[in-house]
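The same chain A turns up in both complexes below, where it pairs with chain B and then with chain C.
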Partner chain A sequence: MVDIIAPEIDAGALTPLFVVAAGALIVLLLDLFIPPGRRSFLGYFALGTTLVALATCVPLWNNGRLAFSDMVRVDNFAIFFAIVTLGATALSILLAIDYIQLADINLGEYHPLVLFTAVGMLLLVFANDLVLFFIGLEILSIGLYILAGFIRGNRRSEEAAIKYFLLGSFSFGFLVYGTSLIYGASGTTNFTALATALGDDQVRTSPLMLVGLALVLVGFGFKLALAPFHSWTPDVYSGAPTSVTAFMSVGTKVATFAALLRLVLTGVPTLRENWAPALWALAVVTMIVGNVAAVTQRNIKRMLAYSSIGQAGYILVAVVASDSPRRDTSADAVQSVLFYLLAYTFMNIGAFAVVIALARVGRERLDLTTDYVGVARRHPFLAGALAFFMLSLGGIPPTAGFIAKLTVFRAAVAADYWHLALVGVITSVIALAFYLRVIVLMYSRADEEIDDLPRSVPAPLAVVLAVCVLMTLQMGILPAFSLDWAQQALFVVSR
Partner chain B sequence: MAPLSYYFILSAVLFTIGTIGVLIRKNPLIMFMSIELMLNAANLSFASFARARNLLSGQVIAFFVIAVAAAEVVVGLAIIVSIFRSRQSVDVDDVSMLKG
Partner chain C sequence: MGLVWLCLLFPLAGFAINALLGRSLPRRAHGIIATVAMLAAFAVAWIVLADLLSLPHEEQHRNLILYNWVPADGFNATFGAWLDPLSVLLLLIVTGVGFVIHLFAIGYMAEEEEGQRRFFAYLNLFVVAMLVLILANNFMLLLVGWGGVGFASFALISHYFFREEAADAAVKAFVINTLGDVGMMLGIFLIWVTYGAVDYETVFRNAGNAQTGTITAITLLLLVGALAKSGQVPLHTWLPDAMAGPTPVSALIHAATMVTAGVYLLVRAWPLYELAPATLTTIAWLGAFTALFGALIGLVQTNIKRVLAFSTMSQLGYMFLAAGVGAYSAAIFHLLTHAFFKALLFLAAGVVIHAIGGEEDLRRMGGLRDKVRIAWVAYGIGGLAIAGIPPFSGFFSKDEIIYSAFTSTRGNVVLGLIALLTGGITAFYVFRSFFLTFYRTPRYGIGHGGTEAEHGHGDGLHQPGLEMRIPLIVLSVLAIVGGWVLIPDAVHLFEDYLEPVFAYPAAFNAPVHAAGGATYWMIAIGAALLGAVGIGAAYYLYVLRPALAADLAGRFAGIHRTLFNRFYVDQLYDTIFVRPTRAFGRAFSGVFERGLNGLVNGAGYLVREASVTMREVQTGYVRNYALLILGGTVLLIAYVLFTAV
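Our next item is the complex of A and B:
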């Protein structure tokens, strides 16, 4: 008879996750008791939940530990990403409060689904095991499949849902099968144990291990919308409700990049001759495809979709640079990933916030060539904000996007990947074409006066815009604060 | 008992059939079945690697995959049904308003 020893459960390590999950369940229940006319209360409750979860992150800072039989790793790196994903969730909830009334999708399930998706993102961020990682990814994805198709009866939204669903589960198949091969080669799925097992030459050179890692990277490629696995992105981003697009373009990327860094730096650092060239190629293709395809887009949501593909390429450059054997170079590269994702969160959510602010009941202003001409005359502040976010996404000083690109390219050059930095600079110049085009259109004179613009900006949306503009500006003018914060989040990651 | 390598080969074959199925078929239901085939190939591979290495964890992981796949089925079928309601067809070629 073998004695079964119950594993020690350190639930405190995952407080933010539990808070969000409990909040989601409570919102789901509250929906039963709240009359339909007062549903926006649910949104504010969900927002409160994410703020409480943010507060519970604070005591975990500098208080890192492994928990749940090493399945979960709570360290400053994880907490940094937990704070960014929760911040993105809070901003997305604020974005949605008025938008879902406008789009007539103000159902009680919206906010719980957003919170459940946030639970999946947090699980990804804290995961120290491939199994927990793919469970987190599925919790996140299942929530987003539903949210993408949330406008029932709307064909575009349904199409977005089915495309996202089919390609998402396809990539999940690759991820799980790849995990099973890695398990077969090394006998473990735990990142820490994997690193130990890879000390053995036989494991390191085993074809099972390499094929498994390749399949897992394909799965990552789909989820991060890296070219050539990006084909679903523009359709899903443009068909989904705009508030959902904002949420998934930011939240998914932040959480999945966290997991990718965790995998390559703590799980398989010794295989860097294998993953670094693969990610190198993905980064080059992604930067080129994303930025070139965005130039021809007429729909602003499709343009922002391609732009987000291009941005993922730049972040990937820094991930590649983190393979440097020199410790401080590698740490600088990881720091630039963190800073870039933080900047990307604010500038991308901000851009979508303006698109939402210009929407009216039954009609969103999405067509760049007609809907955005002359907007600046009626809404100087909204146009100014969108122009500012476009400059930031394009990497023009004094914005967060400029500092982010600068740190990424500097890290790439320091790690002897100057050709990646070169491709990055060239594609950034191409990218200016479509970012600046939006600004030019907004400030050009309209042939006829547009009169169906909304008169005012609802308060929650104004808060989101203010936060995003201030943060983008602050990170652009005084980046030291955010860079220091990212620096402190590194200590466990660096080898 | 068949040698363990047969199981690995079978799981690789199942995974390949699943992948090809998703790529060439046009009906979302069949594509979805192919995806399930890929996941079950992974389950078989987890279970047989667990057996080969005399570990239990692989079998437990297979249970996790089954649970996740079940949740996916629920959402996936709901999406397919709602598409069928509004179009009376589920062929992926008909679902192409958004060009990409």
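Our next item is the complex of A and C:
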């Protein structure tokens, strides 16, 4: 007989996650008692939940530990990502409060779904095991599948959902298969144990291990929308409700990059000769495909979808650079990933916030060539904000995007990947074509007076815009704070 | 020295007050706030100058660091000011000329119902960005200012956004300047990869530690930015169109300050340019060509502001030529005097335009000498200065450049002759606009009813108020005496002042050009005579001849023959001089416009085609997407296994 030892439960380590999960359940129940006319209360309650979860992150800072039989790793690195993820969730909820009324999708389950998705993201962030990672990814994805198709009866939204679901399932097959191969080769799925097992040369050179790793990277590639696993992105991003697009373009990327770094740096650092070239190739292809394809897009959501593919390519450059055997170079690279993701969160959500702010009942302004011409005249503030986010995404100083690109390229050069930096710089120049085009169009003269613009910006959206503009500016002018914070987040991750 | 931050802070505060609180302020307050901010900054600039001059000569370069902007090892991008005689001189020019133009703008914009707040807020913002550009202690910060002035200029050109030409001009300016910014960015990236730092101190100290090819590439990339910003061929097309903005904007941004940023960059980075002779040669020839090209086009313009815009292009060409032949201090000297006389010309033109109700066409002016006397005097002084007539400021600065073009080791006779000839043409076309504006019979439409009662003048013209007169007087004085700080063989104030700039880092010693001697004076007198001939020719053609013609035709029918002869001469002139010039000018601008478009479109075409191809792959069918994913997976597995072998 084998004695079953009850594992030690350290629930405190996962408080943020539990808070969000509990909040989601409460919002579901509250929906039963709240009249449909007052559903925006649900949004504010969900917002409150994420803020409480953010607060519970604070005591965990500098208080890292492994929990749940080493399945979960709570360290500064994870907390950093948890905070960014929760921040992105909070901003996305604020974005949605008025938008879902506009789009007539103000159903009770919208906010719970967002919160459940956030739970999945947090699991990714805290995961120290491929199995837990997979579970987190599934929770996250199921939430997003439903949210993408949330505009029921809208064929584009439904198409987005079904495409996302089919392709997601398809690529997760690779992920599961890869995990099982890794388990077969090393006898474990735990990142820490994996690193130990890889000390054995036989395990390290086993083809099973390598094929498993490649398949797992495919799973990451799909979720991060890296080319050539990106094809779903433009269709899904443009079909999904805009508030959902904003949420998934940021939250998913942040959480999945956290897991990717965790895997390559604590799980399989000894395989760097294998994963670094693979990610190198993905980074090059992704930067080129994302930025080049964006040039001819007419729909702003599709344009932003390709833009986010390109942005993921830049972040991946720094992930590649983190393979450097020099400890400080590697640390700098990871730090630049964190900084870039933080900057990306604010500038990307900000851009979507403007798109939402320009929407009216039954009509979103999505066509760049017609809907954005001359917007500056009617809405100088919104146009100014969108121009600012475009400049930031394009990497023009003094914005967060500029410093982010700078630190990433710097890390790449320091790690002797200057050719990656060069591809980055060249594609950034190409990218300016479509980022600046938005600005030029907005400030051009409209042939006729635009009269179907909303009069004012609702308060929650104004808050989102203010936060995003201020943070993007602050990280551009005084990046030291955020860089320091990212530096402290490296506390545990460095090998 | 730390006070220099106040120079940034005052206009920034002016911007913030107008932008954030402006709505609740009365209409007149916007201009006053902005102008007072400029005055304060100007006053502080003098204190900074005094501080700098109190240091011994060899220590007149200070790297003031406010805080660490991008805290990363081996990067050295701080937020700091690089104070030396060059940057402090520019600081004084920008705040000083900026102040008088702000003052002028109060009067000029007074009648605008709305948009004053926006106008003055952006004007202050422009000054902030310009000061960041000038004071930056590293290339990254320079780029921040560089982009900032581009944005402010874009916003101010489109001030009258409801006019189609203004909106189009703004877009054009934005696009071409962004093209330049991209060149700058690539250049800075290369600097960083090469020297491992972007701050001036490290880069200039180690300038010689790179291969000539690399330095040439860096300097050429930076040059792209400089060409775009300074409206030099082939990136010049935006500058004339930018005149669609309000006249004070043209004076401040598109004449006195922003467009000179390119020259500033070349001189600032002289330790790099000194090591790249090929780039310097390029700059000299591009500069000389632009000087001549701008002047020739200036001959045929009918819009007064466009005449001045092409002359700005042409004068900036002179400065590039000077920098290209290694006469850096001559370039900065001309930058200084040009800031005075060109701002003066623009403001005088502004008074005229203002007076006759917004008319900018030379063919619809005339006879304004006695109507707006102050503009007549001011434009005359500015014209004499730009024509290089002694003792006006332009005489000294321009001859310094012509002399350098002839005699510098990097110069040659062709460059010198181009510079000399351009001087004569400049005198001709500037005075053509002068005579067309102020002499002969009035051709503008009178009948701006309502203004008579307001201004108390019977002629219906808007007379400039005190806030517009003072700037004209101040700039007139400066356009006369501004050149007296450097008189070869007599006064060496300017050379001595700038000398520390070229003595650091001490490892190199660029020649500070000491003009003088018989050769100089021969050239100078020749240039002045040529200028006088140009003015005389303009006077003959645009004042004397028509008056004479009208007189004779009216009184003596018998002298019809003479008249006919005059007509013949006119035709001859037209055939051998005006028409070829015009054709030449047109052909050139046509060729360049087309060539530039082709170049830009060529690169764009590739990207666009690639983009369209990618769109075709994006079929929308799930099965195709799945296939793509599968293909990618197979490749990735193969790749990982391959790297393991």
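Just so we're on the same page, the second predicted complex is superposed on the first by the 494 of 495 C-alpha atoms of A that agree within 3 Å, B and C clash if a C-alpha of one lies under 4 Å from a C-alpha of the other, contacts with A are read in each partner's own complex, and residues count from 1 in each chain.
Keep this in mind: contacts are C-beta pairs under 8 Å (C-beta built on N, C-alpha and C of every residue); 3 or more make two chains touch, one makes a residue touch a chain.
The structure presented is a predicted model; accordingly, all values stated were derived computationally and were not measured.
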item	value
Partner chain in contact with A:Gly12 - chain B first, chain C second, else both or neither	neither
Partner chain(s) touched by A:Leu436 [first = chain B, second = chain C, both, neither]	second
Contacts of A:Phe170 with chain B and chain C, given as first, second, both or neither	both
Touching partner for A:Asp235 - first (chain B), second (chain C), both, neither	both
Touched partner set for A:Pro397, first chain B, second chain C, both or neither	second
Of chain C and chain B, partner touching more chain A residues	C
First, second, both or neither for A:Pro458, with chain B first and chain C second	neither
Which superposed partner A:Ile135 touches (first chain B, second chain C, both, neither)	first
Touching partner for A:Glu158 - first (chain B), second (chain C), both, neither	first
Interface residues of chain A shared between complexes with chain B and chain C	162-163, 166, 170, 174, 231-232, 234-235
Parts of chain A lying in touch with chain B, wherever the complex brings them together	131, 134-135, 138, 142, 145-146, 149, 152-153, 155-156, 158-163, 165-166, 169-170, 172-174, 176-177, 179-181, 183-184, 187-189, 231-232, 234-235, 238-239, 302
Of all residues in chain B, those that touch chain A in their complex	8, 11, 15, 18-19, 22, 28, 31-32, 35, 38-39, 41-43, 45-46, 49, 52-53, 55, 57-58, 61, 64-65, 68, 71-72, 75-76, 78-80, 82-83, 86-87, 92, 95-100
Parts of chain C lying in touch with chain A, wherever the complex brings them together	67-72, 75, 140, 143-144, 147-148, 154, 158, 161-162, 164, 167-168, 170-171, 174-175, 178, 181-182, 185-186, 189, 192-193, 604, 607-608, 610-612, 614-615, 617-618, 620, 622, 624-626, 628-629, 631-633, 635-637, 639-641, 643-644
Of all residues in chain A, those that touch chain C in their complex	162-163, 166-167, 170-171, 174, 205, 207, 210-211, 213-215, 217-218, 221-222, 227-229, 231-232, 234-235, 273-275, 277-278, 281-282, 289, 292-296, 332, 376-377, 396-398, 403, 406-407, 409-410, 413, 418, 421, 425, 429-430, 432-433, 436, 439-440, 443-445, 477-480, 483-484
